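Both of the next two complexes hold subunit A, though its partner changes from subunit B to subunit C.
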Partner chain A sequence: MVKYIAKRFGQIFILFYVFLALLFLLLDLQPGDISQQFVGNPNIPPEAKVIMVRQLGLDQPKIVQLGHHLWNYSFGMDMGVSWSSYPREVADILFTALPRTVFLFLTATVLSFWLGFYTGKLVAWRRGTVVEKSVMVTSIFFWTVFYPWFAILMLWFFASQLGWFPIGKFITVETWIGSPFSADSVFILMLTSIAAVTLVYGILRLVIDRSTDDPRSRQNLHRIALWSLIAVATVFWAFNSRRTYAMDILWHTVVPVLTLTLVNFAGTTLLTRSSMLETLREDYILTARAKGVPESTIRDRHAARNAMLPVTTSLVLQLAVVIAGGVITEQIFSWPGLGRALLGAITAEDIPVAMGALALIGVLSLLAHLVADITYAFLDPRIRVQG
Partner chain B sequence: MADTLTPPTGELENFDPQRVVEEPLWRVRLRLGWRSFRRNWALFNDNKMGVVGLAIIALFGLMALAHPILMATIWSNHLEGGKNVYDIRAGADSIIVTKTIVEEVTDPLTEISQIEAMFLGTGVNIPEIGDTIESPLANPAPPVFSGVKHPHILGTDPFGGDVFSQLLFGARAAFLLGAIAAISSVALATLVGTISAYFGGVIDTLLMRLADLVILIPLLPLLIVVSGFWNVELTMLGILIGILSGLGGTAIILKSQALSVKVKPFIDAARIAGGGHWRIITRHIIPNVLPLSFLYMMFAVTGAIFTEAALSFLGLLNIQQSWGIMINIAHTQGYTLEGFDVWWLMFPAGLAITLFSAGFFLVGRAMDEVVNPRLRKR
Partner chain C sequence: MAQTLEIESRGGKAGTPLLEVQNLVMHYGTKEGDVSAVEDVTFTLNNGEAIGLVGESGCGKTSIALTLLRLLPDNSVVKSGDVRLDGESLIGLDEEQMRRRRWRDISMVFQGAMNSWNPVYRIGDQIREALRLHWPETLTYQEETERIAALFELVGLNPATMERYPHEFSGGMRQRAVIAMALSCNPKVIIADEPTTALDVIVQDQILRELKKIQKELGMSIIYISHDIAVIAEVTERMGVMYAGKLVELGSTIEVFHRPKHPYSYLLLKSTPSITGPRRKLAPLEGEPPNLIEPPSGCRFHPRCPFATQQCIDEDPPLTTVGEGHSVACWHWQEVPEIGGLQK
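Take a look at the complex of A and B:
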């Protein structure tokens, strides 16, 4: 397992550099170079332009430029200075936006995977019923719906028509006037508490699994652990002075997360269903039936566990959908994340920010692939053995 | 021992070369093709969703054909201010009508509020209620549903263009883009997949690592950056999407199919008969991979249409008119939160994109059952 992870990690590392080199190529393919952007300005004398070309290293051979590009992006953490909000550094802009995108991306992926798997499992079990047909039609609608239009409809329905949720944005400015906390610090604390709950729950699960062998008491202990952790987190936030601000941020996240989840959930449902239908034809399902294993156990333990494998693989292919959906979601809900930074930079012709945002989205996608691969190896022993 | 070597008797003795009707080879091929088509159609027909998808595609095909015909006949001479009202872009934005200044606007087509009139006028005199003023019909007046002088089946957009005409034209643009993207993507994927399966070794490793890289690149963000740097048009976008999606996942799937074909005995037979690499690939492997290629063509169309519409919606493409641009215009002109009140701005275009994608998706799923026997119900 460790060997497999190390190998995948090495591959991802190499791919990251190839990706960065590709970004350089993209910049280099443009007509002229970056200093040309300033040629139109009559206030800049020609000598200054020569100095600028030398300072930016544009007179050096391409291979040296590529080396600088790779070095600055990976080790120097230097992605240049933004043009549209000079003199802010690109890294500063992007790392402020990063947690928001990661939050949107992770919650939507996890929620949609969980919900989609559950629905797909039940639907496959009841093949041919009205429930199955209606779920299928709904899923196909969500899967093929034009996402920006759907997001606009959701925004209109929940924010404008019902008025339950705010119309986009990350915070309500009026609430935050005079606030002793910055929005980002509150948000990061929220993320930390979610991460802490997940981590402690994982450790507790391991401990519980080691201590008991009875599946039923294991399941009960898992539930007790999860709910008590959630209770601890709730109490922590209820007595924290940041709670109104945290609630405000939470209130703004509901509709974007819901929209992104609904669309991705449909894909997982469709896949789980077909994967489940294939698994149900296997001989070991028949054997389990013949043995008199309860139907729910056959469904959850024998079929669904094995049907999960192709769904996990497809998670990798679905990442593209989540990332594209994330960019559009951020744009429509004015969610100040990486995607919005990218679009804003493209509209403002702010090349350093655009390239930085693309690189960072690429890194996110690489990491997500790595996680999916490791999960897959964890679920399927064959992958581990083959290496 | 000797009698084992004699040819089988019986049938051969009655064999009369005169009785054999010479049938040309093309007719044999056509008959075989027709037979396999009928068999596959029966399988395809089992899945009613696939038939629905086919009907949707046919409907959009009719729409795409209808646009140039309507423009040449019924819509040909509805000129207003030198422009055709039904033109996809020009529309009625040049129509100037006389509006009465009133306190409360009940009919935005003939009336205008005092404040709006102030902005329209020269700004010196405050316009009196009851006066008339020359005002453009469509902008800044809200989009209308019914026609003023010319019938607009689906109303007009914020610039006064006819929504129905734009919708029909959008079908044409969608077919064009879908065809370019799907054909280039699948052609590339088939070629890469079969070459890498057939030759193996270094070529295989290189092409498959390239495929890994392409899968990892987030397509939409990359295209956003590309469209920011260059002037991307419909054809170029189609080819770009085709290359990026063709080198990735589809190539890997088609390669695995080509691998299973490559080990079949008839490939060895072809090689022993003296067939060259190129001939074996084009005549023996590719025809056997083709059904799966067609399947992925359907899914490639769905992906391409979504990407184009998303980029148009974000206002990054340089194309004349498409469904994405219709939504973009309604969005940027501030009709995002109007919902059903101005349904004709976003619903026709949004539903068109959704249905178009759904049509190809459904046909793809039904074809999956034809190509992949494990999925069949029988």
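Take a look at the complex of A and C:
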């Protein structure tokens, strides 16, 4: 297992450099080049242009430029300076936007996976009923709907017509006037508490699994651990002065998360259903029946557990699309994340920021793949051995 | 503790009837019409006995096995007849009562290969699942592990391998483990449906010997189902020959092999080579099994039968006794010649 993970890590590392090099080449292939665009100002005398070109390193051979690019992006930890909001560093802009994007899409992905898997499982189990047919029709609608239109429709309905939720944006400015906390510090604290609960729960699970062999007591202990951690987190926030501000941010996430969840959940449902119908035909399902395993256990422990494998694979592929598709979502919901930073940078011809955003989106996709590969190995013992 | 390790048959006194199948009729409903898969089948399995059902693919062998466990697909209907275990009708039980009987009273050895094991769970844990469901008293995890280890030893597997996943087992090991799982809850009856079909002949032979040894030692009652008459010859005391959903001959294995009375049994034996017996010309069985949606009138075998007369087309022959414990459903059983059997 360790070997498997190490190998995947190595592959991701190499892929990262290939990706960076491709980004560089892509930029280089653009008609005209940066020097013309940046140095093309008639008010700047030709001598100044030559100096600038030299300062930017554009007179150096392409291969040296590529080397600089790769070095600065990895070990140099330097993504350059934004052109449109000049002295601000690209890294600063992007790493402020990054957690917002990750939060939005991770929540939506986890929710839609859980919901879609559960629905797909039940629907496959009740094949041929009215419930199945109506879920199928609904899912196909969400799956094929033109996403930007649907997002605007959701905003119109929930924010404009019902007025339950704000029309996009990250925070309500009025609430935050005079606030002793910055929006980012509150948001980061929220993310930290979610990450802490997840991490501590994971560690507790490992400890529990080491201490007892009996699945029944394991399961109970897992539940106790999870609920007490959630209780601790709830108490922490209930007595925190940042509570109101945190609620404001949370309130702004509802409609975008709901929209993304609805669209993604449909795909998971459809896939789970067909995958489940296939596993239900397997011989080991008949074995389980012959063993006198109750029907609900056959569904959950035998059929759904195996049906999960292809669904996980598709989730990975979907994840990359979702992150890239963030441009549309964030634009419609005025969500100040990575996608919006990218779109803003492209419109303003701010090449360093655009490059940085593209690189970061690429890294996120690579990491998503890595996580999914590891999850897959945990789910399927056959993958583990092959390494 | 010793109780949990005891691997035994929970059947009654040897020789008394255990499982009785009486005039069983089972059809599958399809769009084209009713498929008469099992037609008026009657046989009895006695305690401590191994019997076999042999026949071509689609003759209803597996349908009978699935009827005994009530695992048939939704489109099947048991039209009439009964299955009695220790005098109690299994057909009349409700779904939950039947679920509790499965594996506890009747367990099954499925066709080997990868497929009867769930790929994502350890072999040991899959046997543990059966113990959790059906063992009368609650065992601790340790006791369960000990019992699984004892089962593994009985079938010739290293107990340490119970931690492995199905894909880490060879075909033969998987089949042994399937047998261990079938024995896990001390059942009364084991149904072995094509227990060795997916294995090569060497492993097939080892597994059959192992099964036979266990059956004798534990006094287990087993129904073997196979298309391979050599398998049936090796492990059973009595056997039934099935053709197109009907039981056409029933008798002691030696008797049927040496003096088959049904033309189908006779032709089936003639078409099988004997390795150790006298060299003889093989006679292939001509024709194809009939369409069971519209089965032939009278005797279902008449279109392929060399002895067929007008009576065979008009009237269905009843199963009649022709010798001690030997019965056959044929109008012309006296005309069927003797053959030397399939010597082992």
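In this text, the second predicted complex is superposed on the first by the 365 of 387 C-alpha atoms of A that agree within 3 Å, B and C clash if a C-alpha of one lies under 4 Å from a C-alpha of the other, contacts with A are read in each partner's own complex, and residues count from 1 in each chain.
The rule is short, and it goes like this: a residue touches a chain if its C-beta (ideal position, glycine included) is under 8 Å from a C-beta of that chain, and two chains touch if they have at least 3 such contacts.
None of these values were measured; they are calculated from a predicted model.
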| item | value |
| --- | --- |
| Combined model on subunit A: subunit C and subunit B, fit or clash | fit |
| Partner chain in contact with A:161 - subunit B first, subunit C second, else both or neither | first |
| Partner chain(s) touched by A:196 [first = subunit B, second = subunit C, both, neither] | neither |
| Inter-centroid angle subunit B-subunit A-subunit C after superposition on A [Cα, multiple of 10°] | 80 |
| Subunit B versus subunit C as contact partner of A:30, first or second or both or neither | first |
| First (subunit B), second (subunit C), both or neither touched by A:56 | neither |
| Partner chain in contact with A:349 - subunit B first, subunit C second, else both or neither | first |
| Which partner, subunit B or subunit C, touches more subunit A residues | B |
| Contacts of A:380 with subunit B and subunit C, given as first, second, both or neither | second |
| Partner chain(s) touched by A:278 [first = subunit B, second = subunit C, both, neither] | first |
| Closest Cα approach, subunit C to subunit B, once both complexes are overlaid on chain A (Å) | 11 |
| Set intersection of subunit A contacts, subunit C complex versus subunit B complex | none |
| Subunit A partner contacts - residues on subunit B that touch it in the complex | 49, 212-213, 215-222, 224-230, 249, 302, 306-307, 309-310, 313-314, 316, 323-324, 327, 331, 336-339, 346, 349-350, 353-354, 357-358, 361-362, 374-375 |
| Residue ranges of subunit A in contact with subunit B within the complex | 11, 15, 18-19, 22, 26, 30, 140-141, 143-150, 152-153, 155-157, 159-161, 167, 274, 277-278, 316-317, 320, 323-324, 327-328, 331, 339, 342-343, 346-347, 349, 354-355, 357-358, 361-362, 365-366, 369 |
| Complex contacts: residues of subunit C adjacent to subunit A | 69, 71, 99-104, 107-108, 110-111, 113, 115-120, 129-130, 133-134, 140-141, 165, 167-168, 181 |
| Of all residues in subunit A, those that touch subunit C in their complex | 213-214, 282-284, 286-294, 302, 305-306, 379-382, 385 |
